[in-house]
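This is the structure I want to talk about, given as structure tokens.
First chain written, first letter: the chains are A, B, C, D and E, and each begins at residue 1.
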Amino acid sequence: MLSPLAAALAVFVCAAIAMVALRSASDAIAGVGETAPERVPFLGGHSPEVHAWSRFHARYYVMALLFLAFDMEMVFMYPWAVVFVREGGIALAEMGMFITILLVGVLYAWRERALRWA
Amino acid sequence: MNRSLVVDVLFWCFAAGSVVTGFLVFRTDSMVRAAFWLLASFVGVGAILVLLAAEFLGVVLILMMAGEMLIMAVVMVMFMMNPAGLNPMFMVHQHRFAVAAGVVSFAGLSVVALTVDFPDQPVDPSVDATAELGFELLGDSMLVFQTAGVALLATMVGAIALASRNGRFGTADEGSHEPPLEIEELESP
Amino acid sequence: MTLEALLVVAAALFAVGLYGAISQQSFVMLMMGLELMINGALLALIALWALSTGGNPQGQMLAIVFMTVMAIEMALGFALITNVYRVRRADITEKLRKLKG
Amino acid sequence: MAPGVAVVSVAVAMAIGVYAVAVIDGIAGRLVAGAGRRGVGVVLDPPRTVVLLLMQRRHRTERADAQGWALAPALLGGLAATGLAVVPVDRGTAVADPGTGFVVFATAIAFVMIAVFLHGWSPNSLFPLIGAYRYGAQALSLQIPFLLAMLATALPAESLAVMDIVEAQGDVWNVVRQPLGLPIYLMVGVGVGFWGPLNLPDGADLVGGTSAEDAGTDRLAWEVARAAMLFAIAAMGAAVFLGGWWGPLLPGPVWMALKTLCLLVVMVASRHLLARVRIEPFVVACWAVFIPLALVNIFVSGALLL
Amino acid sequence: MGLSAVASRVATRAPVPVFPVAGLGARAAVDDLLVETRLRIVDTPAAANVLLLAGDVPSGLAAELARLHDGMSRPRTSLWWTLGASVRPAIRCPTEVRDPDPSILVDAVVDVHRRLLTGELASSYPQLPDEDAAPWRGIGPYGQGGTGMTGGVPYGRPMAEVAPDRDGLRLDQLTVRIGPFFARFPTGLVLELRLQGDVVQEAQLALPAGDVPMSGVATTPFGDALGVPVRVSVLEVERARSHLRSIASALVAHQLGSLAQRVLRLAGKVRPGDDHEIERLHRVLRRSQVLGWATTGVGHIAPERLEGTASGPILRASGVARDERADDPVYGGLGFEPIVHEGSDARARLAQRLAEARQALELAGRAGELDHDPESPLESPRGRLAAGDLPARRVLPLIPSLLEGMEWGDAVSTVVSLDLDTDEVLALHATDPKVSVP
């Protein structure tokens, strides 16, 4: 007998292994090996001048930082949701206050156009 | 099979995994791999937390770390030269001192852990830890909870003001002048 | 899985993190060291909570605060790195030192 | 549940789900295209394509991150399986019903972004790379509305176990209690499964995006994992919004299957009816519209609960 | 029968993954293959087993064609659908199909694919020699071809260099040449881009020179109308078809492939007076929001920038009521009035084409036996057409400045909304390798 989380873990591990196995299975059927020109990344006919791996400018970095802070609210909300009905109005008020404070941050980001990048 | 044996085996797997992947963070050339090794280390710790009856905390730690480590990878790739480790690299300073500090801190902390006699008071498995946490959140630790909210708001505002180029005070890098271009050959081992 | 074993593992994580935080030149790698140290501390905290304090709910609360601190550290750290890079084009600690003043 | 039974039942569910996605997609495509009713192809083409992809040689790019490339579809498939495992099929029947099943599912959803990013990063090629980063923006914006829309359903159950959440819908389904929740859930669900209008990482403008360099089983594994993820999202939606096994006359699992199928049809058909959205307005919409809406959903349904 | 034999028999019945290359005079035929259920048109060579070359692929693109071929995964083969062309493609094609009937082509492709899977036909060999992009082994401490952390050419390619950006962050800029076989662009269009992240910092046209037979341009009714009288109804139906095909390719670019199939089917069967069919299509498109969220505000061109450059629907979508047909007495007698849309963006251009397609069928229904006089000005679906004055020649120079600062998805939407003609783009290679900015 497995505890539920262990069952979930077992399912995860087995599915992942199965996917890797599936992926490798064709190497036996279809063969492996290719020449240098066959490994050139596709750009529509031209070969790239530089490696694609670079200091990629992810222009949404400000949104990502906003996410880092805002995502934390989920940690507080899960336990809150469990006791919400038992605690009643006080729970609603407290979480309302907490969320309102955080939403001010989102509002600020939106006003500063921090969510846009192009 | 004995349940505690299974737990022990799993614990040592996760423990070894999280320490080894934690170490690999500093031993890989690719920044994406480094971030995802760190994620693996957190997942290992999260799994240990689950084994320790802190089921909610463990799972939520893993949940939080997915997003955080993705951002870590994105930012690392932006701000590292040679982010994918196409050329091998080893960007360290005061390496010997760092190794010594690591070893000493490990030894010291381990000695503390092994010598100090902590009270033996295991958590009651019948208690719903998540609900406990919820009551704590809305009861005694209410102030902590709200303070966290304010701190997070301050973080958001601060991060946006710092990172965003176009704020209400004008362009962030205006008036700064670029340092002269310098070619530095960094030591490789 | 004893308390001692857990604390030793936590110490190992902390030590690896400390090594990284001291030795790495690049800001972002330095932050990974810090994260790893917090990771070790979190493990030690929960180990003590679960096995030594009998599940005092404040221990869990403290763990959540740890996670929040981690998020705040990352957000502000990345914001600072972005700003420093934008204004000074520095991505490793030495450059910043050299540029001071 | 014994480990073997758990794994096999999830594998069967996944296989059925993936096939269902392929068939629904084929039927919806033909209906929208106004093509003739040559039905056999819709049913038989998916397995034939699977065999074809098995016979195609895998493609590798120069200096790719081979481990990452192999790991990405495996991770996505594993996450889909985990997500499926925590969905209850009938009262007391679930592969895994941990007390935090809800958070486990959310974690599986959160890790999709790791899988997609890894998948696009690994080939060291431009279009996959752009797709990977685009999904970063998309997933980070989707994450919070998704979690919030799901979280609202935990309020009436006072528990994070999915079984309890379904159990609490005996008299009224959550879709009635929280009419805003299901649309938001489906929208972000389509986004998490990067399907249809929200298929930005593998989009047509990137000629395949993160899977542009995939051939043979690489492509097969990725498509299978993605379809399984869609299925898992639909199944979870059926459980937490549409009352899972609750329903008159028919046995519980049948109801569960029907409800899952309904949501799956809606999600899969969106691909043929809605155009690709632009990433930037989408990110703004997530933060400025969907997060506030999801919060309103939580607080209004919470207030009504008291 | 062995397992692999069974497998290949099953696999031969699957839709064949085909990467099509539309050469001169073959764009419409290749686009129409989308409706064939036995083929699966794919966007990248990695996913394809069959490389379908249609029409004349100019010899100037030989190197790119070889690279495209080598990018396909095995088993693979190439097939040439001649469509009246005579110049052989630059790569070896074991199979040729001379019949222009698409169903015969599909049969041939399926057969080739079957033979490929069963081993009767050998998978084609790489076209290019097995050499790295640059010599790199053995130089530098790790053999990366240089020293230092960012020096050298690891694995045969240099790393990207930093460049300034409007964001103030000096991060790496990727220089890439996209095309000439990029599925969303007309064949032959090559854009040299500098990308930072997914944003286009700088765009340039890089049309390779080469000999292109000019034959392809003349095969459409509009090409004929330059020299001889052509029925107005024929011209107008052709205009409607062209607009519908353009809308179909925009739908494909916005991930609505099945809707695009419906539009292509409609394009294949429209007759004079079928404008109600397009009315129905218009309702479907409005419902599916193609004309909405994906294209509004994308690719905005200020009307004054269009002065002297683009004509046709692009111009009229910016609110300028200029149409060569308005000066044609024949059209005047039919009660022709130019349609205009405001907006100047991709959405307006799509709506413009849809409205013009409807109008064209209406006109065709009324035109009866009337002929277009070769002396009168000629308005092709893409704008004013005269001998030696191709609409694409005036539109192409707009692209570089238009794309600058655009996110990649929007850039693709914009190029698609300009409805460049493959034949014209390929013909420009021959006549004028440097398209000058007016």
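As a working rule, a residue touches a chain if its C-beta (ideal position, glycine included) is under 8 Å from a C-beta of that chain, and two chains touch if they have at least 3 such contacts.
Owing to the predicted nature of the structure, the values given are computational and were not obtained by experimental measurement.
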So which chains count as neighbours of both chain A and chain E? B, C, D
With a step meaning a move to a chain it touches, how many steps does the shortest path from chain C to chain E take? 1
Selected interface, B-E versus A-C, where C-beta contact pairs are more numerous: B-E
Going by average Cα coordinates, which chain is farthest removed from chain C? E
Return the chain label for which the distance between chain Cα mean and whole-protein Cα mean is smallest. A
Sort the other chains by how far their Cα centres are from that of chain B and give me the top one. E
Just the number, please: Cα centre separation of chain A and chain D in whole Å. 13
Where chain A and chain B are represented by their mean Cα positions, the distance between them in whole Å: 16
Report, in whole Å, the distance between the mean C-alpha point of chain D and the mean C-alpha point of chain E. 33
I'd like the Å distance between the centres of chain B and chain D, where a centre is the mean of that chain's Cα atoms. 28
Going by residue number, chain A touches two or more other chains at 5, 9, 29-31, 36, 38, 40, 42-44, 48, 51-58, 61, 64-76, 78, 81-84, 106, 109, 117-118
Among all residues of chain D, those touching at least two other chains are 54-59, 62-63, 98-100, 103-104, 106, 121, 124, 126-127, 133, 136, 140, 143, 160, 207, 212-213, 216, 280
What parts of chain E, by residue number, touch at least two of the other chains? 7, 44, 46, 71, 74-75, 132-133, 154-157, 159, 167-169, 171, 174, 176, 182-183, 197-198, 407, 410
So which chains actually touch one another? I want all the pairs, not just one. A-B, A-C, A-D, A-E, B-C, B-D, B-E, C-E, D-E
Contact footprint of chain B on chain A as seen in their complex: 5-6, 9, 51, 53-58, 61-62, 64-76, 78-84, 87, 90-91, 94, 97-98, 101-102, 104-106, 108-109, 112-114
Okay, in this complex, where on chain A does chain D touch? 1-5, 7-20, 22-27, 29-32, 34, 36, 38-44, 48, 51-53, 56, 58, 60, 63-64, 66-67, 70-71, 73-74, 77-78, 81-86, 88-89, 92, 95-96, 99, 103, 106, 109-110, 115-118
Per the contact definition, I'd like the list of chain C residues that touch chain B in the complex. 1, 3-20, 22-29, 31-33, 35-36, 39, 42-43, 46-55, 57-58, 60-61, 63-65, 67-68, 70-72, 74-76, 78-83, 85-95, 99
Of chain B, residues touching chain C in the complex: 4, 7-8, 11, 15, 18-19, 22-23, 25-26, 31, 34-35, 38, 41-42, 45, 48-49, 51-54, 57, 60-61, 64, 68, 71-72, 75-76, 79-81, 91-95, 97-99, 101-103, 105-106, 109-110, 112-114, 118-124, 127, 129, 132-133, 135-137, 140-141, 144, 148, 151-152, 155-156, 158-163, 165, 172-173, 176, 178-179
Given the complex with chain E, which residues does chain C contribute to the contact? 82, 85-86, 89
